[in-house]
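Structures are listed in the sections that come next.
Each of the next two complexes has chain A plus one more chain, namely chain B in the first and chain C in the second.
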Partner chain A sequence: MPWPRWRRPGGDGPMAFIECEALSHVYLKGTPMETVALREVTLRIDEGEFVALIGPTGSGKSTLVQHFNALLRPTSGTIRVGGVDLTAPKADLQAVRRQVGLLFQYPEQQLFEETVAEDVAFGPRNLGLAEEEVQTRVADALRAVGLDPAVFGPRSPFSLSGGEMRRVAAAGVLAMSPKVLVLDEPAAGLDPRGKAEILGHFRALHAERGITVILITHNMDEAAQLAKRVVVLDQGRVVLDGPAREIFARGDALEALGLGVPAVTDLVRRLRARGLPVREDALTADEARAAIREALRWS
Partner chain B sequence: MELTRYVTIGQFIPRDSAVHRLDPRTKLAAVTMLMVAIFVVGDFAGYALLTAFLLAIVAISQIPIGYLLRGLRPIVFLLLLTVILNIFFSGVEGGTPLVEVRGVVLTREAVLRALFIGYRLITLIAVTSLLTFTTSPVALTDGIERLLRPFRRIGVPAHELAMMMTIALRFIPTLLEETEKIMKAQMARGAVFDRGGALRRARALVPVLVPLFVSAFRRADELALAMEARCYRGGEHRTRMKELRFAPRDAVGLAVALAASVTISIPFTVWQNLLR
Partner chain C sequence: MPLIEVRNLRHVYNAGTPHAVPAVDGISLTIERGEFVAVVGGNGSGKSTLAKHFNALLVPTEGEVRVDGLDTRDRNAVWEIRQRVGMVFQNPDNQLVATVVEEDVAFGPENLGLPPEEIAARVAAALTAVDMLPHRRAEPHLLSGGQKQRVAIAGILAMRPQCLVLDEATTMLDPQGRREVLESVQRLNQAGVTVILITHSMDEAVLADRVIALHQGRISLEGPPARIFDRAGELEAIGLGLPLVPALARTLREDGLPLRDGILFAEHLVDAVAALAAAGRGRADGVH
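Our next item is the complex of A and B:
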């Protein structure tokens, strides 16, 4: 039997969980409002990765991730998720949506139940799980986003603060226990503390449970601190793809796309412009401090 | 899943055409005249002329004909039902029998009449769609407001009606987009909308409708606040940035529409007598 396509030939590297090939998507095809959102995107994402997806507004990020759990079908090209070809007419889309959890932008707008616990239970109930299992998952998911099920469970989701609502919505997706978590700007519109909190929970989920995370963000600092790999989209194409360190070292390319660089990278670049030979690949404040000390010692 | 794909009614397709440039009042008047004509037409010659005229307008307005016809999709069922009911219950006495089905006689006249009625519906929708395709919602309600102005004396709140229409039209696409987004979000949580019986499907909509209403009220609130912040206070003494002005082309447009409506309305036999 030949090797399944997602396995790297000869290697025992991690399995590609999501694999797109020449994926294109055209909105409203055949109408005067036709717009091309994705052009021949080829991308693979392995199990256990933490990928940041960045790109200017309208570059196709949200469109791309909606293919990952079959909410959108490609206009052309193929996509495989967990070995299942989603372009096949009989693909089990429910099974795919169970594996790939998608948290939309401003997800607190999807809350509808009377209590937080009921709302989080919506997903697991749709999976047809036993009530006991549903309750376990609800409690587990709420704890994973730092909300005490005993305190928040019986409250109305509409009585919560913005950050809390956002975390309840995230719990609603986590309760599906997905293997892959796709987050579309999960921190947008939150105050700095809410941002740090929710991102901290996602980082922990990735580190402790090994969940694959795909993070769409406009904030380069978030991308630099969280992701190991960065994929840059522009006008529906993948223009850069590689380890976060390498991508952010190419500040000129990012700025040409109208994207910034992380604050740390910006500092390093400015120091270099003033003649201090600091290493360019620092991503965190600690790394930058070390690099600057090093540079000062030699100059 | 693209809801906007299926709702073409009320959509505006910006193009730079002679039809687009006409004053909205001219277009409203022309549409009214044509609608009257459509109801009066009774013979093949009239329908042929009407069709030719509409095709000419479509060509001038640069609206793809396929897109215009797509707007008919939601009413296909209604159309078929109307035609079928009219074939059987036309009330046309006598005529040439075509077939007999279980005691019901289908006459040539009844079938023709039913087809005419069906075609009438199609042309009515085509005409009104042409109006909305070629006129921006703001221009359209502006035109309606101006046309209603004389009725203010008898208590018609022209400005308020126009403002309500503008807002409603403006929010159709927004709410559709929102519905789509919420449906997708719930589908990502395993919701299924297209399976099960009527009751189950209706219940499946609760997770969509609740957030939709919540956000619609929030939007209404924000809009009211934004309008107040700009000192909006109704129609009295309001001036406009773009005044509607009749141009020579509007006179031409009205004349063409009137001529076409009259020509179409007059039965062919009358024309024959007139021209003899």
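Our next item is the complex of A and C:
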């Protein structure tokens, strides 16, 4: 079974999957170019969460997530992933990298094989899996991003649309059967249909297979519609962390950081500024519609 | 005479081979001087191919494109056409050539053979127009994406063009960078520069005077944003959606709220809802 639904063994409460404790990261330490990217970040992400990681450009988002699969090691502090202390000298980093799949920005630039199926098979094959298992995983991963393996498998990745290429790259990560999916701006640059498609697939992977998703995005509407929890980074620190509704209700704090607010939040704030009793924490268009009707007592 | 006239344009990539793809398949349009036009469409709709005809980066397979009366197929006119119509592309990292901002902006005017004082004046004016004068001595690779795109725009402005074409120039930027670029572009348009914004973002298209929506190489919808957004079903059919505010106004109208037509921005909707509340309050006292 390539797609186990991840369950926590026994216990009632959610299990911490990623735990950072006072994690700091300094690039080029000890040189004149020394740059502090993360400052004592303490953060816990549980199995099955859908977290949006937001923050201005240069706030440390990408640096942080590269610690989640041991591409970077902390300069100080600790990080545990799936119970493994990644700072321990003999930590099995390969095992962690199989559990945490990282989809980089513009990942379609990294497609290289002659066919879509070969490209997606690259990772699982490197795991030394039996060919039959590799093929099962490839087909399943392509289906998970809405691409029919029979149609797309034999095609050249370079004959596809931008949105399709992006989804092939995502399938390559999914074929590793990760427990956690880290997505760095997965919809950037796609047209509205391509955006809706790829984000819909990630939403389904989370809902149906219980995959933990960590979404880095500059798009507040995306964060508001998808994530249940929002973590805000600024200058290498976690400055806000809480349920999406609560974070986005704090529009002034977000704007002070140079971040926008979701379009719905912006509208609701303007309505309230005009004295209309619209509920403050609406996040989706449907909620805004209901809130306006309610405020007007329009039934 | 309009600034740009496109008549029955077809553009076929790999024409005459088995891989022939008609990217633009019969488009006619005119762009008037001083207009702000958004060309929208999904991937593969032909919008970038069309844009590249506006300054003769591509020439028609069939049909005709004229810029300020000049035929883009006339090889002798290409230089003049490109002075009139400048283009900014998607990737901010691919467009700057010099190691210092002001040298990058000076690159075009230097090629025109202008005297140094004139070049300096143009560079200063262009950087001021996009709010980048304080960064004139910066190294481009240290700038943010939005700043790089504004330098790219300044490089074009220094050529004193009549028209600026932005081919998905905000796609790779973060929200702040996008805002900076769009504000610069709106200011330039108000100062008289014709702007053609190629985008798949309807949130950007709403800023234009006129929207041209492409699908499969043809024009499928055309008009002011308020008109276009009344045709939500047709937009969705070609892979484009409405921005939040017009979409919400539409659903509220379906709910029976008497909202006026042409609601595009949050402030329009807030005004309309506030007006209803003021009227409804009186009614609520009596009827509800």
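In this section, the second predicted complex is superposed on the first by the 285 of 299 C-alpha atoms of A that agree within 3 Å, B and C clash if a C-alpha of one lies under 4 Å from a C-alpha of the other, contacts with A are read in each partner's own complex, and residues count from 1 in each chain.
The definition used in the following text is that a contact is a pair of C-beta atoms (placed from the backbone, for glycine too) under 8 Å apart; a residue touches a chain by one contact, two chains touch by 3 or more.
Being a predicted model, the structure only gives us computed values, none of them experimental.
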Tell me which partner A:P107 touches in the superposition: chain B (first), chain C (second), both or neither.
first
Which partner, chain B or chain C, touches the larger number of chain A residues?
C
After lining up the shared chain so the two structures overlap, which partner does A:N69 touch, if you call chain B first and chain C second: first, second, both or neither?
first
Applying the document's definition of touch, where does A:T31 land relative to chain B and chain C: first, second, both, or neither?
first
If you stack the two complexes on chain A, which partner ends up touching A:L127: first (chain B), second (chain C), both, or neither?
first
For chain B, which residues are in contact with chain A within the complex?
1-2, 4-5, 13, 63-64, 66-67, 70, 181-182, 184-192, 206-207, 210-211, 214-215
Please name which positions on chain A make contact with chain B in the complex.
27-28, 30-33, 66, 69, 71-72, 94, 97-98, 101-102, 104, 107, 109-112, 122-123, 126-127, 158, 172-173, 176
Residue positions on chain C within touch of chain A in the complex are 41-44, 90, 144-145, 171-172, 174-177, 200-202, 239-241, 243-245, 247-248, 251-252, 255-257, 266-267, 269-270, 273-274, 276-277, 280, 284, 288
Residues of chain A touching chain C in their complex?
56-57, 161-163, 188-194, 218-221, 258-260, 263-264, 266-267, 270-271, 274-276, 285, 288-289, 292-293, 295-298
